[in-house]
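Order of writing sets the chain letters: A, B and C. Residues in each chain are counted from 1.
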Amino acid sequence: MGRYIVKRIVAGLITMFVLTTVTFFLMHAIPGGPFSPAEERKVPKQVLEKIEEKYGLNDPIPVQYVNYLKNLAQGDFGLSFKQRDVTVNEIIEQGFPVSAKVGSIAIVVALLVGIPLGITSAIKRGKWADWLAMIIATVGISIPSFVLSVLMLFLFAVVLKVLPTFGLTSWQHYILPVAGLSFGPIAYIARLMRSSMLEVMRYDYIRTARAKGVHELKVICKHALKNAIIPIVTYLGPLVAILLTGSFVIERIFSIPGIGRDFVTGISDRDYSVILGMTVFFGAFIVVANIIVDVLYAVIDRRVKMDE
Amino acid sequence: MIHTARMKEREDGPFSPGAAADLPDDLFEKLDESDRQDNEEITRPSKSYWQDAWSRFRKDPLAMIGLCVIVVMAVAAIFGPIFSEYTYDGQNLENGNQPPSAEHWFGTDKFGRDIFVRTLYGARISLLIGFVAAAINMVIGIIYGGISGYFGGRVDMLLMRIVDIMIGVPDLLYIILVMMFLGNSIQSILIALCLTSWIGTARIVRSQVVTLKHQEYALAARSIGSSNLRILFKHLIPNSIGPIIVTVTFLVPSAIFSEAFLSFLGIGIQVPIASWGTLVNDAIPTLFTQPYQMLFPALAISVTMFALNFIGDGLRDALDPRLKK
Amino acid sequence: MKLLQVNNLRTTFHIEAGQVQAVRGISFHVEKGESVGIVGESGSGKSVSMLSIMRLLPDNAKIEADRLLFDGIEIMDMDHKQMRRLHGNDIGMIFQDPMTSLNPLFTIGDQLMEPIRIHLKLSKAEAKKKAIEVLKMVEIPSPETRLNQYPHEFSGGMRQRVMIAIAISCNPKLLIADEPTTALDVTIQAQILDLMRDLKKKSNTSIVLITHDLGVVASMCSRIIVMYGGQIVEEGTTREVFYNPQHPYTWGLIRSMPKVSEGEKKKLIPIPGSPPDLLAPPQGCAFAARCEHAMKVCTKYSPAAISLSESHRAACWLMHPKAAKAEREVIGS
């Protein structure tokens, strides 16, 4: 177990290093700094140099790179170019709890809806429940989350006027963003669960369980489910990534003050230090999530050789 | 030991249907070889792989509807704008924010541009990006996965480690970074989409090649001195074309999605060219007053994605029946 | 006393290409305390017929029978609750492949204690004691530690022992063993058969042994049922089937049996051809196409079963008085 985790962590660190390096050099290859060209003309040269010194922009790029890595090792993501005196750490500290809250609700909803939907669909194969579940799944897989969110916003907030539109001040405010974020994953989980369940139900050990006189409900919920759920567990890693990128558009549509919106704001402001810092943070977050999922998977399925 | 079976003579022989005496004697003659039904005979007519796949695909109504939708959309996207008096960037500020009418089927935006024509242009861009990106990714995926699977060993190790590192991070992050670097244009979107999307294809090709390379025909080809590249591209890749096509089919909607996503975030297509993503994005501020501005492009994306996913599902069932769940 | 009586059992699978008539009207019975062997090649319907009785077939199977009596009770009328009591409690089943028959994600103890707790209504501690006892019966060493292990920590033979332990844990009246040794190495096969013979001696359980290997039934069973193409072609005591076989298919089975004991080299004679397509069963006798003695009548009409004794019957046109009194040479043992 120990060796397995260490190996995963080393692989994660390499991924992080590559991502950080690529992002750093891409962002530094694009012209632009703390000031727009218009501002640069107005500000006295001395002040400009002082500020550039503060950002470490006077050093040659390789030195800047090494410094950045050093700071990063201490958890320092650097300063924002455009929001003066605000660090990337502060932006993340403010936005992350908000995004994490919406995101974790979305994960729970996706699992709680998607898994039973898939199971029902598999058990009632060919019946109307199966058709209904698969229609929902096809809609969820086909329609991009931002289109769906805008359509829902239009339907529930504009036409029906039953749900609030922007911000996150009451529990009702969570409904549309969470639905927008989790609809695609629900669809994917339902499809995955259905096919996995259908496959598992054909296995010999299910017949063995039935031949032992185990109640059909227990055959499904104990013997089949624990085996069928494994693909869902491996999907949890990509799921975190999907919710993260999904938050870029969802938080923009519903004006949620989370890191997704901050990142998109960074993009439209061309705030390269924010983009760099947040990309590294997102990468680290995903890598950690993947390691946790891998360990979880190994715990559920003992056949996975931990020392491989 | 040799036994001779004894037969009990019975008067009421239970041989049905009739009594034993009813059966004519000649029925008890030994069967000639020519009378025997050859049960090794193949009764069903043999069909080629593609005929078989096409007949399966044709029986899938959703896939056929999807195919029709995409064909109609492609024709409309290519020829539609020619017959329209409006252009995607023709502004008419006096005629802004018009609801749908006979004049402007999908209405106009705040600059008075015809949304129907802009949506058709969006279709051009989306379909172009979808199919070109899928084609490029197929080529990269086949070469990368083919080399990795065929040569195996250290080459395989190295190539697959690179893949592992790349998939550690969501590809949209890479795409966004590259778009920032390259600037907004169709070419940059295509380049960005080709950075990581081939990984899925490469993995499929690799696993196919790994299983196929030890089969007799590959060994036979090698024994008569065929070059590695020839074996790989003449024998192994054509034999794994089914799964490859299925994977690539799903790349089309995912490329269209990525483009719409980027354009929605404002780092995709350059204004004033319209893409479905930018059209939806532009419509958000006027969602409460002019919802149709959002509705038509949103429907266009949804219908296209549905159609492409149906085609993909149909192709998967038709080309690779083993995958059918 | 008849423990199991089957009258005219018919099982059909509905698949895309049509209807597969896997079992086409078979009738047989199993006495209390008796061991019956069902022999036939793959696809002959032997496993399907037993799984039909147990209602363990997938949903696309349609099962019909005039009568399916277990211990005097009609199985066809049983509801789910009664069926569950039949499963594991009255009838224990051992399957072919021990590598896939155990759930990989649960411990052996968990899977073994399941039927014990369900049917014998024992507490957890009592069930554990019983489980250890059963594992000892199937000769698994250090059962206490084995209980907490997962199937992948067991060898194939050991897993089959666990399957046997599960099947016998509730002292069933009938034990159905579906090719219990086919997936195992030859040496392990012998061990498992020895174990089953021992268990048989100790209890009064009836056994139905499904196999394609006549050698296995010869040493285990008192009666043999030979199946071909979803039908019973011959049935009799082991003696009758081995020493006075009537059906050419049975002759073929006997001829294709390797004999180590005789010491002399004999050529194994395989049965040519392949089993019939049960999607469209042939007219007449299913075996006619592969039968070297086939007559014109064989391809037109199905032969009915003829009784040769109380226990021996066979269905073949060669037994008809008009059939040529052909020398039917059979190499028996």
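The rule we apply is simple: a contact is a pair of C-beta atoms (placed from the backbone, for glycine too) under 8 Å apart; a residue touches a chain by one contact, two chains touch by 3 or more.
Chains and their UniProt names: A = Peptide ABC transporter permease; B = ABC transporter permease; C = ABC transporter ATP-binding protein.
Remember, it's a predicted structure, so these values are computed and weren't measured experimentally.
K.L.:
In terms of Cα-based centroids, which chain occupies the most central position?
P.N.:
B
K.L.:
Which chain's C-alpha centroid is most distant from that of chain C?
P.N.:
A
K.L.:
Taking the mean of the C-alpha atoms as each chain's centre, how many Å separate chain A from chain C?
P.N.:
Distance between chain centres: 54 Å.
K.L.:
Roughly how far is chain A from chain B (ABC transporter permease), going centre to centre by Cα mean, in whole Å?
P.N.:
From the centre of chain A to the centre of chain B (ABC transporter permease) is 26 Å.
K.L.:
Per the centroid of Cα atoms for each chain, what is the distance between chain B (ABC transporter permease) and chain C, given in Å?
P.N.:
46
K.L.:
Tell me, which residues of chain A touch at least two other chains?
P.N.:
Counting only residues that touch two or more other chains, chain A contributes none.
K.L.:
Residue numbers in chain C touching 2 or more other chains?
P.N.:
Residue numbers touching two or more other chains: none in chain C.
K.L.:
In the complex, go through chain A and note every residue touching chain B (ABC transporter permease).
P.N.:
Touching chain B (ABC transporter permease) from chain A are residues 11-12, 14-16, 18-19, 22-23, 26-27, 29-30, 138, 141-144, 146-147, 150-151, 153-154, 158, 194-195, 198-199, 241-242, 244-245, 248-249, 252-253, 264, 267-268, 270, 272, 275, 279, 282-283, 286-287, 290.
K.L.:
Spell out the residues on chain C that touch chain B (ABC transporter permease) in their complex, using ranges where they run on.
P.N.:
243-246, 273-274, 276-277, 282, 288-290, 293-306, 308, 317-325, 327-333
K.L.:
Under the stated contact criterion, what part of chain A meets chain C in this complex?
P.N.:
Interface residues on the chain A side: 125, 202-205, 207-216, 222-223, 226-227, 300-303.
K.L.:
Applying the document's contact rule, which stretches of chain B (ABC transporter permease) touch chain A when the two form their complex?
P.N.:
For this pair, the touching residues of chain B (ABC transporter permease) are 164-165, 168-170, 172-174, 176-178, 180-181, 253, 257, 260-261, 264-267, 280, 283-284, 287-288, 291, 294-295, 298, 301-302, 305-306, 309, 325.
K.L.:
Touching residues of chain C toward chain A in the complex: what are they?
P.N.:
54, 56, 58-59, 80, 84-89, 92-93, 95, 97, 100-106, 111, 114-115, 118-119, 150, 152, 163, 166
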